[in-house]
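First chain A sits with chain B, and in the next complex the same chain sits with chain C.
Now for the complex of A and B:
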């Protein structure tokens, strides 16, 4: 969030909306209305003095109405921008009466009641729609009593309750009596998967199951004495990477019970305000009345209320649920009917965070080809660098941070202390050191006192260090001669109730900071050239998309595929749901597009080795070698081969989803063994080789929708179909709608549990019947069948994943798939810089998700190779060769593979650290037995001086 | 590659939640000018309201 607020290429326009769009892809004219804020973004520092003086208290939307805010406010603590805003609906200033408290409290004159809406026109090449979703309004279901009963909350409300900065400071309390509830019930599918008149939406909102699982674990963490928790659900949809494992972990909690069933109504005990849940257990048929202290409604997502208006401006259509209509021609979930306008996140339907993030990057890649590139920003500043070879001259700057620091710490005592410290030649204070005024003060005093070290006692370096470093650099002081002491987070915030002790601690930290500053040395960034080409490994749908996106941006692309044709898994499929696209046609179209492009296509080619680092990879293949700047790995996955489950090895008519797909592909009819006009019967068994701790603990995600797709096709041919499953996890786009269609067509769905697996029996070479325990009736059901289809899950492609793991050092998870940099926020990135993932190589995915990832990986790779050079952070580790005895321990311990042993003159070996690979973590420096490795910016004398300063007893 | 107009064509991103921010950052780091338009007073969207995210239990902000 902060990154977006600070990026020089991003102009953040909050409180604004698009009102008009004209033109076409590559040359749109967009009119954006900036609604009045009544507070100037340039002048407001976010100090909050106005908020204290504002007399109006209204419910806080960010806290879902549970907390309070003023009429002038900042939406939440970390808001970007941190400019306040006036809610004129609730403000006392109107035509007749003037309060003006905020105006008089603001000493920067940032408040302007005459502010009006302004319209600006922008030239843009493309538009990305990322307008998100709205939360379903639970009060629309009267039988659940939301809004009526005190102790019935929504999941959004619980999120805020669980948050340490939330209305109850992370303490779980019943709204009725502020007591901790002993029992909590979670009710799933509120407003989702609706049936009947209190329906809500028919689709599945995808994230609410995992949200409830997470909340159960968090509740236990916050309130260890919780006695019982219940989750009432229809199907528990833990269908994403690592989700099933996470769900199974929650099942180990003795306090938590999962109950299959959708409550019919919720009542309240008027006296105790306890909540009574009425529910029929879907497995036993037993009807019960359960008393709990609190109920949480897992409300789903609905299309954003702003969609209809925006659709009109953009000239796009909405689907029956109010989401933006996707153009499915190419199988991509990002396209609209209009070229140059792309969708991501929850604009076209509900997605979880990691899929939203991948789609966002994908939409960025699509848009890039319609935009101009800004000049590569080389900060060439004609400033003479300040000489620092003489005695240190330290300047100390103390920030009040409004009342954040000065409200607790005794600033004058800190100032006095700073003045006594060695080499300190000037001490200054400022209300907001980060403001333009504060930064100006730092620069002015540096010049005036010829400072060569600057220390700021302020907030966190995580967000503010770059600002200070930049200010230093502007006047010629090396940015690495700046030291930041965090007296806000570590003193005034955490010890706010004991101001004297907090001030003592701040004095200690400041003394340490000054001591370290005296030992700081200038450091310089090295930049290395980048090879402006990209290697894409794997010619399946994800790899082809990645390659085409890159090529469209004018980047040289090598596409390497080990088979002799493109398409990958697409070649084994008939139809691609939900659009009912022909898979072979899609494969053909994509193949044509690749061959017509300037992509360097290498089929029937194996990767034999990759060395190097970001910007400079050396690739060798069976078809020759080349250099690239970035790599996209899209090698896909394998389908699990059953090892005798359900008689797979024994009977010829026990087949997998994939084998059935081949039969359907060739348009062969499924025949009944009885012959003649008797309709055939097919029984599907779900979760074969998935959700099984002995094989693959995870859910393979694509098999439920695949079975649904095949079941509908068979049913349309008149075949009798039964699906035996544990939970139907139809989470992809429109998958729930297809599930509904299958039921309407008469496909039978019967649940089984892993404790009582279905039993397949037969004679000779053929299976003849399937027996399953019908849970509700508690009796064995026998189904005579012509085919048994096993929904086999996905497993890593051992051969290519193993080899690339060796070459590229991408870590593999417990499931064997490649691990992303971050499961949520970096779904296509890896910990190896310059190497990206797309498609099933990081876990099972459907076609649409694979395509989104292909485009996303292209965006990431393009970002790297669209620069001429990459600047290396100079805070790395270096080896002093004369001290190194080549023991190799640094080589062993470094997780980034930066150190290596090299030959020097006289047949000797020494360690050398690759500066492009080193992250400066310092592990090798602390491990090195001879002290030959120095962690720059964290050298031993710098750290020693801090320890000494800490232990110096004040006179 | 650059247009002949004086003006550089950027990309308009509608929505300042996690998706909009991600798209904006990717474009910006590929040297594209981005206008990130959000109708509420702050960036962050829904995700800023969440306490933690599963399965890594990382902080949402």
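Now for the complex of A and C:
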């Protein structure tokens, strides 16, 4: 959020809405209404004095009503922009007695009660809809008593309760008596997967299962004395990378019991305020009445209430659930019926964080085709650089920040102290140092006193250092000669009750800052050239999408595929759910588009080696070598081959989903043993080789929807179908609807547990029947069958994943798939800069998710290669060769592969740090046994000088 | 609030001893968490001074020992929670460094409770205050470091 707010090319318009959109892709005219904030974003420094003075206290929406806020407020602690807003509904200024407390508390005159809504018109090339979802209102289910009983919470409320910054500071307390509950029940699918009157939505909200699993672990962490927790669920849908493993870990907690069953009602013990849950155990049929201290309703997601209005403005349709309708003819989840308008996240249906992030990048890639390119950064005015070779001349600037600092700290005492410090030649103060006047003062005094180090005692460098650095640079002072002392956020604000001690502390901090400033050295940004082309490895759906996106942006793309044709796994499929798109048609269209484009297509080609780094990779293949600036890895995965499970090797009619897909692909009929006279029977067995710690511990996510898709197809042909499963995990877009459709068509779903696996028996070369323990009946059912179909999951493609792991140094997870940079926030990025992942190479995915990742990886790669050069942050690590003994420890510990050992004269080796790869964390500098590595801007001298200034009392 | 309570206690029980604590905080999580404490106006003990580094992995045993040698009564190193490190595994390296530091501190005959490694995220302003309060209370109980030859006189 902060990154977006601070980005020079992103203008964030909060408190605003799109009211009209005209034109077409590439030249939209968007009319945006900016609603009044009553606080000037430009003038407000976010100091919060007005909040303290505001007398109105109302429930805080961000804390789901559990905390309080004032009528003038910032929505939450890290909100962007860092300013306030007035809630006129509750403000007393509209009363007959005008309060005006906020106006009188604001030294910057930022408050304007005459502020009105303004409409602005923007010229834009494309529109991305990322409006998210609303939380299902649980009070709509009266039998659960939400809103009626004190100790029935929603999962969103529990999230805030568990949060260290939340209303209870992370302490779990029952709203009724503020005591820690001994027992907690989680009730899943509240408002999701609904049937009947109190239904809510029919779809699966996807994230609530994992949310409950996570909350159980967090509850235990926060309150180790918790005695019992229950999760009541229908199917536990841990369908995503690493989710199943996480779920299994939660099962190891002795306090936690998973109960399959949907509670029928919840009551309250009026005296103790305990919660009574009535539930039938779906496995044993036992009806129980369970008393718990607190119940948490896992409320699902519903379409945002703003969707209908926005859909009208955009001229788009909504689906039956109120989400934006996806144009499925491209197979991509990002497209709408209108060119130039794209969807991501929960605007088009329920998604979890990592998929939302991938879709966001994908939507950005799609939009780039229609967006104007920003002109290259203007050449900065040439200014003569201030010479810093002589003695340090330090200027100290003290900010009052209104009364935020000056109201607590004794500024004149700080000033006196600063004047006594070595090399300090000028000390100035300012009411608001970050204002234009304040910055002008810094520049004026720097010139006047020929300062070559500037120290500001003000707020935090994390938000304000860039402003000061800019001001320094403008007058020719190297920006790295500026030092900031945090006397507000980490001093006056947090020790306001002890002003004298706080002033002592500020004096110390100032002395430390000046000492450090004296040791600062000028640093210069280097730039490295970028090769403006991209290598895409793998010609499956993800790779083709990535290549086409890049090509559409005018980037040179090499698409390398090891097979002799494009399409990858798409070639083995018939129909692609949920839109029932023909896979072969999709493959054909994509193939045609790739061949018609300017993509350098290399089929039947293997990668033989890759060296280099971001912007400058050298690639060698069986078809020749070339240079690229970025790489997209989209080599996919393999399907697990059963190793004798359920008689797979023994009987010819025990096949996998994949093999059935081939039969359906060729339009062959499924015949019964009686030769077509009676309808055939097919039994599916789910989770073969998946969710099994000895094979693949994870859930492959795509097999449940695949089975359902095939079951529907067979059922339509009149075939009897039974699906034996552990949990039906139909979490993707529209998958739950397909599951519902399959049940309506008469597909039988029977649950099994890993302790009692189904048994397949047969004669000769054919399996004849499947036996399964029906849990609710506690009876063995015998199903005579013509085919047994095993839902085999996905495993890493050992050959290509292994080879690329060698070349690109991308780490592999415990499951063997490539690891993303961040499981949630960086789903297509890797720890190797300039290398991105798309599709199943990082874990099982369906077609839509693979496409979204293909587009996302293209956006990330394009961001790198759309510049000729890249400026490198100079706060990196460098090696002093005369001290290096080439032990190689830095090479070993660096996650970015920045250090390497190089040959120098005399056959010696030394470490060298690639400045393009170094992120400047300084860990290698701390590790280096000889002190050969210097962490620039955080050198030993600089750190030591601060400690000395603090601890050495000068006589 | 907690800070205030411990402070009054301190003043009655341990007269005059005000510990000198150096706190190394990583830029991305702990330093940001300390800023969040400010935004939320969390009130906690002022008896520590922060030195910002980019990563907790930057802090060497040498830094900690130098602080102790110069007379610090306690040293705190604070980084990101596991899995949150801006530099992926820098905080794991911080753990390794810290284990070495601990061994050295013991060898020097100092109480290993004088040094502490903590994880505070950018959102955990309250936690930052609690960590500081707890550590200040602990160092106050331990009393001045034997290396603190020049107890600082407050002006």
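Descriptive notes on the structure:
Keep in mind that, in the parts below, the second predicted complex is superposed on the first by the 808 of 955 C-alpha atoms of A that agree within 3 Å, B and C clash if a C-alpha of one lies under 4 Å from a C-alpha of the other, contacts with A are read in each partner's own complex, and residues count from 1 in each chain.
Quick note on the criterion: contacts are C-beta pairs under 8 Å (C-beta built on N, C-alpha and C of every residue); 3 or more make two chains touch, one makes a residue touch a chain.
These numbers come from a predicted model, not from an experiment.
By the document's definition of touching, of the two partners only chain C reaches A:498; chain B does not. Judged by the touch definition given at the top, the superposed model places A:260 against neither chain B nor chain C. Once the two complexes are overlaid on the shared chain, A:163 sits against chain B and chain C alike. Once chain A of one complex is fitted onto chain A of the other, the partner contacts of A:469 are absent, as it touches neither chain B nor chain C.
In the superposed pair of complexes, A:13 makes contact with chain B only, with no contact to chain C.
Of the two partners chain B and chain C, it is B that touches the larger number of chain A residues. In the superposition on chain A, contact of A:80 is made with chain B only, not with chain C.
The residues of chain A shared by its contacts with chain B and with chain C are 78, 163.
The touching residues of chain A, when paired with chain C in their complex, are 48, 77-78, 163-165, 169-170, 460-462, 486, 488-491, 493-498, 501-502, 504-505, 508-509, 512, 821, 831, 875, 893, 895-896, 919-923, 925-927, 935, 938, 940, 943-944, 946-948, 950-953.
Those residues of chain B that touch chain A in the shared complex are 1-3, 5, 7-58, 61.
Partner chain A is touched in their complex by these residues of chain C: 4, 7, 20, 22, 27, 31-32, 34-44, 46, 49-55, 57-60, 62-63, 66-67, 70-72, 86-90, 93, 97, 121-127, 129, 150, 152, 154-155.
Against chain B, the residues of chain A that register as touching in their complex are 1, 3-5, 7-18, 26-28, 30, 32, 37, 62, 64, 74-76, 78-81, 83, 85, 122-133, 156, 159-160, 162-163, 166, 210-211, 213-214, 217-218, 242-243, 245-246, 306, 310, 344-347, 353, 356-357, 359-361, 363-365, 367-368, 370-377, 554, 822-825, 859-860, 862-863, 866-867.
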